[in-house]
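In the part that follows, the structures are each spelled out as structure tokens.
The same chain A turns up in both complexes below, where it pairs with chain B and then with chain C.
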Partner chain A sequence: METKFHAITNGEAIDRNDIPHLPFTEFRDEALALVAEGGKVVQLFGTAAVDGALPDGALPDGLLPTIAVMRLEDQLWVAATDLPETYASLTQEAEVFHLFERELAEQFGVTPEDHPWLRMVRYHPNYADRPDVFGNDYAVDIPGNYSYYAVAGEEIHEVAVGPVHAGVIEPGHFRFNCIGERVLNLEISLGFQHRGIEPMLPGATAGRRQLLVGTIAGDTSAAHSLCHAHAIEALALADLSVSTPDQMVRTAALELERLANHTGDLGALSGDVAFLPPANYCGRMRGDLLNMTLWFCGNRFSRGLVVPGGVGMDLEPVDSETVLGRLTELKPQLEHVIDLIFTTSTVRARFDGCGRVSHEDAQHLGLVGPAARASGMDYDARRVFPTEHYTQIDVPKCQPFTGDVYARARVRADEIIASVALLQDLLPKIKSTKSTAVQDHALAPSSLVVTLNEAWRGEVSHCVLTDAQGKIERYKIKDPSFHNWNGLAMSLRDTGISDFPLNNKSFNLSYCGHDL
Partner chain B sequence: MLKTLMNRFEQGNRTSSYPKTPIEMPSRYRGVPTIAPEGPDAPADLAKACAEACPQAAFDADKRTIDLGRCCFCGTCERVSKSKLVHFTQSFELSTAKREHLITDGIGAKNGANDDANAGALPDLANHAKQHFKKLFGRSLQLRQISAAGCNACEADLNVLTTPFFDLSRFGIDFVASPRHADAVVVTGPISRNMRTATLTTYEAMPAPKAVIAVGACAISGGPFTGSPEVSEGLESLLPVDLFIPGCPAHPLTNLHALLSFFK
Partner chain C sequence: MKAYLYLAIAMILAPLFPGFILKTKAFFGGRKGPPLLIKYYTLIKLLKKGSVYSQSTTLLFKLGPVVSLATAIMALLFLPMAGQPAILSFHGDIILVLYLLGLGRFFTITAAMDTASPFEGMGAAREAYFPILCEAALFMVLILLYLLNGKLSLTAHFAGTTPMALWETAGAPLLFAIFALFIVMLTEGSRVPVDDPATHLELTMIHEVMILDHSGPDLALIELGSFFKLLFYAALIAPLACPVSLAHPAATAGVFLGVLALIYVVIGVIESVMARLRMDRVPMFILTSFALAFFAAIISLEFVV
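Presenting the complex of A and B:
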């Protein structure tokens, strides 16, 4: 299609001068045109230096330099603009911009006019030392000036849950507007897990950065580390090309992460409909899968396994043989438990038709990952923007689904089966690898790189901008949960409030990945 | 029905017999470190190189100590010193009752030893445990978990304690839904500004006597996020901590060992 955006490739650095700089109205029109064609937002962020200490006048003339990265089919597009202090919001035309514009407002104090739901995202002062868009005094506790969506009427009641929940779970606040047992609207307000990772990254040493990207979301450590590694590999002046065995190990790390989490989620879903045997079996098998990652790198969450330039460990053929042996032993157990879950009528009675998100809503919200595939969007970054060994692998397309809890569970189950097959094929090919040390690298000056990978929850993306000296000026992170929290809210519409836990588990989104 | 039974047979009995029989960790697991005294193999400049490479400022080159409360067990110091100076053993018994006990000189740790012979490295937890806690909570311990801005891996590795392999409740220990029912609070994460009040309120809602447990580098020192204005420098800046369980994340067995030694 014709667009003024510039075509880029996943994981390839470009000169910042090659990013088309469009006047705001043109930028807005072009971005909306891409969305009209079915395009989605990968990143939309202010590019003023964010390192915790912005120089005065960081936003000359009150303009905020901003970059948008969009995807349309199998092509990535980028363009830049200067956002005025107040501008006509894009969200009013296309919902996919919703949370991105809220984030821009929070991080840099720009106001999207006529944004339908302009609220804080993570509750912190903006980085530009500008007047606060929300009129907050951040000495006051979260949520500050947050007016929740309200429904009025005689039979209406409100249920507020969190931030501290009843289980061993991350904190977040959920507001349900109900009529009787039926949920009319669920509002999710987060930010409790906000650690300020983005401002820490530009000034961090390579060692610290490795730790930080591995802890954006602990259960998605391999995927975030891989996005970081791809960014540094693309920007480094030295040759950091990754050997084939290293690529295979990195691919295996990502698949093991997917397997462990999907398996755990299936168990949790089963537990939530009070079918306990699979809950226990899956809990145990998830542990076995995490222990395979432990075998590779000494950490159950693959810390330090994926590093810029390769992998962090010396691996011998016996390592992949060991993991393959364990996986082969586990495979029939996984298959049988999955079969047990989906053929048990009491499970199906609760899963079927519960918390449906229509294909249309999923498109509008721009959902990603298994949650999107469950609503019939078949985007998978492994297939559309393949990296590592995925270029050699046929990632199966998922079948069209109905958008309910059943579909979200079934997608996980299918992906478990596919991942096991993929690993059984891949692991025997991995012979030995030599470890690569994490070290500071000189980076190309004045460059931009965008990286994407398909984590178990969906598309993870990192964007790194360097300044004229090759220092990291802005490090932007996007976890798939950033796209999907509104999907969960949508699934609860007109659903019984007692089905919230089930729907919540069927999405199992990351609070820390969202909150950064 | 038949499927349920067949799955049951296939799954078998998976509960570990730990602590009765020791568990061996895979060789790449990084547990209690040993640190070599100064010598030709481990000269002072190697110690300096380790300290410089440590992303967490956990390694002190002069004193030759590692602060396990800050350490994220990334293994960089071990790699830099080619295991000559720092070596991580497979012992997962890392927890202590005092913050200063976490600063270890790594002398006496033996590879894989999960018994008293290992006590040289870190003070023996059972002997430093508060005896009145053992009396109060030794037979039944109810835990309330607060997740306060970590990466959720520490929570995950606490959660697995309830899976069949660890089966925490066989020891009379359980996670409960309400602070009102809790004897001890288990905090993970560096306690962000946005979780500070919720953490304190949860603690206040618990009836006394109550114990406070910090799990993971984050809760002990801020972990990887230390230095960010959005997080605290550890739970101790807010509450009196009784038990420190280090790791990034703390391995489930580290958690289990700590709970059993400290309260049982």
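Presenting the complex of A and C:
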């Protein structure tokens, strides 16, 4: 592949001067050429400072420095450009840029021309102190206040769900255009959870940063902490190489997180079709799995487990033996429940063919994680961009699937089985670990690092840019949910509205991970 | 006199039976489950509360719970229990009873539409559609019973020794009728596989979504009405499923209550071993009851010559 983008590796710090700086038209052509080859967007973000202290004229000539990180097969590519205040949108050529361009417009007030659906992402004033692209008055606190996609007609009715829901879940607004029970279009409007984590990170101390990255998405704490740790380890001037036992524990933490969430999801899927026994069993087993993480680090959600340079606690061999013992005890129960769900004909009748996302649509939208694998895309960051102990592990490829709720459930079930096997192999090898303190490290000046890890929902990526003094200038976070929310909207096309909760659960996306 | 006593006992016990369903489901799920008397506690709790009314609703909204409870009680007046003739009975009372329940449903639906919530409109559309199919099945069962003994009142079919006589003349078609009535009961009672009474997901609900805006005593009336309705159908099935009539009326009543409890346990078992149907498959499920009753009627032509 001939490209003007620069090849980089996962978790490797590079000098900012090595990033090719392309004129916008060339940047656009090269990026689109990568997508045409099957490339996907990992990150696309403005690199101007976002911590709210941006003075007027901070964007010289009104140009926004922007960096794109793409992946094509097993290679990462990076390039930079300067975006003018209005530019020809890339989304009109390739859908994978869709939300990234909306995010750019919202964060820095640059307008992608001919963007098919230019709406805000999270509802906040832009960081560049420019006129708002969406014409919002942010003094009024009403996210989701925009003209939704509308379908007209005598028999069309609109159903608005949320942002406050009946269950104890996060807020999000769903707007359905229906004809009878059939959904023609679903539009998802988020942003109610926006906390402004990205602007908080650059000025924060190491200790505060450690806490913040753990809360980007509370159920993906291990993966986000791991991405953060990799970034700091790569940038730090001191040697922060991680010992093998520490790497193993970090790998185990990521897998335990995957196991707990997938198990919970299978139970929730079963509960949504009113098949309660597996819902009860899975709820209990999710607790057992979370308690294994608790045993390791004192927190059920891996808070403080992964720290830059190692792990946050001392472990004895007996600790991993204990967890292994519990896992071995749980394994037959997990297998039994999976069997119960997938052999119950009434459950299969609900899962099969429901909310299908075709392979082609999934490619266009750039889905990641189990949702993408269910639609037949076998990308798994653990295999393609391995970190930690994954370099030694053969992560199985998933089989081709049909893209419906059944496929999304089956992928999870298969990953549960694979993760258990992986952990049974890994845990006996873990001997003792020494805790590493979280401390401020001097970082390499004028550098960029991109880190990727496969969280249970899919690819998590953090990008860190440092300035000439070695201070963090821009910290960009991408949660897999950012890619996948449109997959959920797509799955509802021409599906019964009563199947929405089931499809929603089959994706189980993060609101706060998206809203940041 | 006895009929009044039975009615009083039935009305008092109506909130107890759904407790059996919950206990059964809890057993299958490996849980302890709520106490058997949970529905009483819920009713008391709701009656103690105040009601909240949306400003967009009118008198219709307040009528919904009252009418649905009143019609359910009226239906019980025509219901023969434990082999005893009903309090009220006349030729053709079955048709009145069916439309009394229909009237209750009509007011529940109008109350739901009155809130102008898109959720409730959706639930109302479903609630208006599925019971029509049930009605077809019920009328088919009615035709079957009319063919068998030429009478058109509930007491004539479900009291005394008639159920036993029906078994003797036409056991096979009656089996079909019991299945048909069971399906109708699951539909009208908003149970799995048609509806899911345990869900919190508005988009998938049928009955529950229509009463989202009702609160406090209004909600208690609706709940009580639905307990009575479920009891009504269970009490129709009980004498057909177990047509024993013992020498002592108290013994008969005891057996009757036992069979009722068993029917509720069976509902609980069904809810535990199967998932809900997809919304567009529900009509097929309900129409199965119609088909069963229809074939039963055809077969029974063989028995009445």
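Heads up, the rule we're going with is that the second predicted complex is superposed on the first by the 514 of 516 C-alpha atoms of A that agree within 3 Å, B and C clash if a C-alpha of one lies under 4 Å from a C-alpha of the other, contacts with A are read in each partner's own complex, and residues count from 1 in each chain.
What we mean here is this: a contact is a pair of C-beta atoms (placed from the backbone, for glycine too) under 8 Å apart; a residue touches a chain by one contact, two chains touch by 3 or more.
Predicted model only: the values in this text are computed from it and were never measured.
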(request) Look at where chain B and chain C land on chain A after superposing the complexes, then choose clash or fit. (result) fit
(request) Mind working out whether A:Ala36 is in touch with chain B, chain C, both or neither, as first, second, both or neither? (result) neither
(request) Give one of first, second, both or neither to describe whether A:Val164 is in contact with chain B, with chain C, with both, or with none. (result) first
(request) Count the residues of chain A touched by chain B and by chain C, then name the partner with the higher count. (result) B
(message) A:Val273 in the overlay: touching chain B, chain C, both, or neither? Say first, second, both or neither.
(response) second
(request) Using the touch definition from the top, say if A:Tyr281 reaches chain B (first), chain C (second), both or neither. (result) both
(request) Look at A:Ala238 in the shared chain and tell me whether it touches chain B only, chain C only, both, or neither; answer first, second, both or neither. (result) neither
(message) After the superposition on A, what does A:Ala150 contact: first (chain B), second (chain C), both or neither?
(response) neither
(request) Scan A:His124 for contacts with chain B and chain C and give back first, second, both or neither. (result) first
(message) Per the contact definition in the header, classify A:Cys512: touching chain B only (first), chain C only (second), both, or neither.
(response) first
(message) Going by the contact rule set out at the top, does A:Ala421 touch chain B (first), chain C (second), both, or neither?
(response) neither
(message) Can you report the least C-alpha distance between chain B and chain C in the superposed arrangement, rounded to whole Å?
(response) 6
(request) Pick out the shared contact residues on chain A: the ones touching chain B in one complex and chain C in the other. (result) 166-167, 277, 280-281, 284, 344
(request) Name, in rising order, each residue of chain B that touches chain A in their complex. (result) 3-4, 6-8, 10-11, 14, 26, 28-30, 53-56, 72-76, 79, 88, 145-160, 162-165, 175, 177-178, 189-190, 192-198, 202, 223-225, 227-231, 248-249, 251-252
(request) Show which residues of chain A lie in contact with chain C when the two form their complex. (result) 157-161, 166-167, 180-181, 270, 272-277, 279-281, 284, 344, 346-347, 349-350, 354, 496-502
(request) Would you tell me which residues of chain C are touching chain A in their complex? (result) 25, 28-31, 118-119, 121-122, 125, 192-193, 196, 198-204, 271-281
(message) Looking at the complex, which residues from chain A come into contact with chain B?
(response) 52, 122-124, 138, 141-142, 163-164, 166-171, 191-197, 199-200, 205, 207-208, 210-212, 214-219, 221, 277-278, 280-281, 283-284, 286-287, 291, 294-301, 303-304, 313, 332-333, 336-337, 339-340, 343-344, 435, 437-438, 510-512, 515
